[in-house]
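Quick notes on the structure that follows.
We call the chains A, B, C and D, going by the order they appear; numbering starts again at 1 in every chain.
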């Protein structure tokens, strides 16, 4: 198959797009064309050059044509696959999301899913995804859509609510951390080297708040081993590389995971930075000191801004051919999913997908993250069961909040958005109702450049 | 119909039983026999005398025979109706439920439904109800069971789980407070006198945490009036009798209700003392001062003990004929329900009943409180709809907890009971995981006389 | 309340409209205006005159203004209630529906719900109701819609599918026959006179194929009495007026009902003419002789045409004042429903409404017929339970067919319409697949004047 | 893993057991012990000898120990897997099931699932499976149970209803026929050789009445090819070996499948002999001539009896070592399933399993047949979607019937069993209610040796 057409929305992305290009280049069984669409056309144009350069590298096993396009319709028309990976707003808005709440004593590690930052980010992201859904309906109704943007669940949910026949999934690498950790544990405990992809797990929950209740390697149950390590390393933490969490804003020592195991006897399947944001502030995020005690970081947006600058410079070099992007696997499974959807292999992995019954105890249609079985033009969820009632009560609270946020946008109802904001565990546990309203207003004001007019923003 | 047979479990009750006797005496359309069963046979015997005296009073419109029995089977055999109204354990256990947590900074107004007290009370109540259900299955499988004991939802749920064909409901007068309040508002605002029973409301939720989302009197929508009063009297509160909450441990100024209206635009339909216990401690129950600010009371168990003494003395007088119990309506609707079940009238009221679909957004089979339509040998829930997502997230959390408590008893799993205990909003918001465990252990120890052996208690 | 606004779609109706006018005139508690809209404006105009004449009759307890309007929007704008009672197509199409299949050996008693006639009628009715729903959404989105047209379930379903927030119900008097029959049985057996409206029944099923599984009068269970009569009069039948079924095309001796009781131990709650059409042809409708044996009639459309002529003549006389329409209760409950929706009384009756959980064992959202509780601006289904599995398998088959017919129209898919046609028990039991297709084609051809172009018809 | 313990209920089986032994012998990755339990202990004993001989054959890749046991508990205790493959009753009862209805004009091809034979067989099978479930609960509650007995769905359903925590599936090879047929079609049309196991299909329905709505080989959609062949060979049929259906009582020319494709545009995924039994008699089974026209056979029980005799003789020879059973794959996947459950490979296949949500449009908990994903100690259904409404109405009717049959046994209610019998499409389409009752009585009488006493049988 050498005529596969991929539309890439957010195709001016730096770093992330290049890894995707490398993954494509490594896949022998299919090739074709990638149309890069971005509100920053310059960036898409640069990536066109970089992509075509990668395709020309001699270790590229398949040759793809990259083309920057100015209109979304041009990207989508006739596409087999649509990749969406955007930044909703800019890092300035993200700075408001993440850091403005600090003056109210609220600390966030990521701020893109729940928490005050997650809610505000959602308010500006959902309207964008409503437009994407309309464009997909118009130009490529039968294409498969793979979303990478956060808030993951709400992005995918918005696509389905706007265009119910969309064929969309959301992909996130957080869950893959668990097999990786287990392979380290197996190494330490039994001295064996196990490829994480051979570890089988049952995943259930919502994005960034997913749980593993069964995990095995061949005929060995890995659950007891995890339990043993969770206890043994409860205080110290358990990392591949000692104290990496101190040097890397995106790392952790898995202490939050171990604490959650102690409470719920389940494996929480996401990075600690994400997990911590789903619980009341006093659990893990009470203040920067407590965060350090739990051995993870509050990623500052200033760091992301610096990173962006470096990536921009790198993009210039790549485009000019002053450096070559290394073709090696990214760890993401997007290309494997496309391959399976083309019928060229079978693949089972966890994705974000509407609940058609794969997860009990949560409402139908909301976006849940479980394993699915992917075959030619088919994504079929695998029944994942039900969470224990206490864990489920937290998951349900976040699902209810997501539904309220979505409804707030659909009904253009800012008060409902505030109710979702206040029902967030971090906000509710830290602020009283009136103070929360002040914070909400400030955050709305601070991000208004990217908010729709019906929410007091500046966008049509 | 003059041969109706009523079994009264907890028939030695003081006060409550006499009101029920008075209600029976006031109902002309049916009569028969009441068998009083109580683990305190003396108390049942005293009530036999009191009941028969009431029947002989000349204002008694129907004549009932009262009979104390020593075995539960003797009470149940051939019964048409079974009333259950017991105290699980004694006030000593209730003292532990309510006041022991105070040394951990946890304050409770009632302590019989959620909160640490509610959880511990449930652990000793469910095993008793499992026995009741077995006895009902054996002796009176087609009788209608009307439960008045708290924790209401778990008592009724236990009956259904143990004997799925049981015909049981739970009755609670808390919801009736709303029509009463609205009639006061109508009086103040429009100068009209309205019988609260003519006010129609849609009720949904779980016992003591019920909500009204529609309310009207004839062709008038009462919702806007409630909203107006909630705003106007937000600070001052709104009572029939000024500052009664200061004098009466069971009264309140409805400030909690008004605050909940402000947040959720719904009418919370229970007394403020109950409502407050369903939310995190810092909302209303942070400390005794905050409780006073919200204008309600923390009913001390010492007061209940004193009351019990007075009632005991009164029972002696009533039995000796030294005083007469006044025959007037109690405000409870148990007798009206029986009348409707006999086919002698139709009746619509709110009851606690398994969710067969009357309430959306919560699991099937759990006990919810909504309106039902009662006709001959039939109780049929009326579709009540769905709560807003934020309110529902609180309701779901309590439902999940109730399910865990039940499961803990069914599986004899004390750790699961602790997980439910910790997932309670009051406990979780106030204590960390380890401290909560200490409190839990102390409460278990303090109530062990009435706990089953598999929970470390002293009962078989 | 003297300013209630009613839009009457199909307001040129003869007979049926006049009864409605009489019912309105008999109701003291509210009055207002009725806008008569009809594709036959002349007929609406005549009814305007007749309506205003009825209002002027001295026994009219309330005075209504009638006004014929030329545009549907004029009727709907600001309406509190919308009555829909139309004839989809003309009696010529109905002749095709009912009698064309006779040459294939298929006999139908009514032909407006299931059966070949029902399917074809649906294909021309659903597009009309899609237009009604759009108009309601535009002009009167919060009005209550009361539909009387058949196919009842599909008419109401179409309204909800097209405009999900519509507040619509379907009313049908067929179910009322059961209390009437039971009152006759009580009269015969116990010599007592009982007002049928005092008989309480639990109703469940789909329109014209509804069932009663509980029925009582005061404290008396009427089920055994029905069973006794069903057995005793199995051969002879049971009628208010001996052999009326021989003289009245709309009457029956209830033998079909008794036969269904014998099979299913349930009371089938519709006229025998309707019930017979839901089963395979050989059960009751094999041929005219068998129909006579079961003591009911195949109502010929020629008779309906004659009736229509007589009614037209009557309308002229009424309009000219040459005769007066008698003001007496019609037996329909539309006016009582409006009164209850205005908050002026409570009312429990059976209506056709989307399944929100009131009926177990059938899909959500399809239109089921059960009791509902009506209060101010509220219609709330009462939980009706589940049919026995064998009865349910027939009900489900018809529900599946209705869903297919609807889908066929929504997708403009004539083949799907044929599949529904062939899955109808009468068609399937009588014709093989290929012959059924011929019949289908003939019927489509014969009704094409009122079919949409995408089905080969002549309407846009 | 060389200590796997398998309990084989019905371990005296001839033919089927030997194939299973050969499959075990071919699997290198695990071995252990097989305990053979049978009500005919002699037969089990003979199979012990045969099994051990097969193990000793030099082409046996794994060595299993076979042991006949006298008590079911001895077989089950400590078992990892339980195979159930029994004949409920004897071929004499099966003769009544299949042939007695012929005198009423009812013809059956198999008579073990629906149809009069299927119903009667179920009545004697369910009580046996209730006993199996109790024994499994007692002796091996965590073993995986693989059932092969028909009526498949009711056998598995009975296990779950009696012991809800059972880990049971039902395996049936009928569905594998579809990939086989498609590989033949691919061979004929495109000249390519495709291993059927590489063809991926989505399966949904109930056992012997399953459907395929998606099928592909690599990136090729096979649905259009099937459609083309179904049309081309509609009259002639399509077989691997021309006119085999004339010589082989178990073969067919797939004409029923092609006819069902013509109606429903789906692939019916079972042998024609089974499929035909789910529809009204006049579709395919009207009489032996019509059956021949559709090119399949009515397998006579006399043939099965003869086969049994031959197998008995073969068993003697095998036991004496006068012949050797050939070790080659049986085509069944039981051993692959066990291997996957042990964690030694992953496996996706279709099995019969309770509906936990994998199939929409049918009730929860009933046994459906869809693909599942099997990993270590885990069977997880894969979401299969929903059948078209017309097909679903047939499936639902059979599900309703199965539920009635089960309920009839649980409630010991023979009248309910008859209602299920009459609601069967073959019975209902062929006989009137009273004649059906006669047939039912005769069949009950004719099989009473193996019916429980509460159904008028001779078993306790």
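Just so we're on the same page, a residue touches a chain if its C-beta (ideal position, glycine included) is under 8 Å from a C-beta of that chain, and two chains touch if they have at least 3 such contacts.
Please read these numbers as outputs of a predicted model, since none were measured by experiment.
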{"item": "Interchain contact steps from chain A to chain C (minimum; 1 if touching)", "value": "2"}
{"item": "Mean-CA-position distance for chain B and chain A (Å)", "value": "46"}
{"item": "Computed distance of Cα centres, chain D from chain B, in Å", "value": "53"}
{"item": "Of all residues in chain C, the ones touching two or more other chains", "value": "none"}
{"item": "Chain contact topology (line, ring, star, complete or other)", "value": "ring"}
{"item": "Partner chain B, residues of chain A touching it in the complex", "value": "262-264, 280, 282, 361, 363, 388-390, 392-393, 396-397, 400-401, 403-404, 407, 419-420, 422-423, 428-429, 432-433"}
{"item": "Chain C-touching residues of chain B, taken from the complex the two chains share", "value": "1, 200, 202, 214, 216-221, 342-344, 346, 348, 356-358, 360, 371, 373, 375-378, 380-384"}
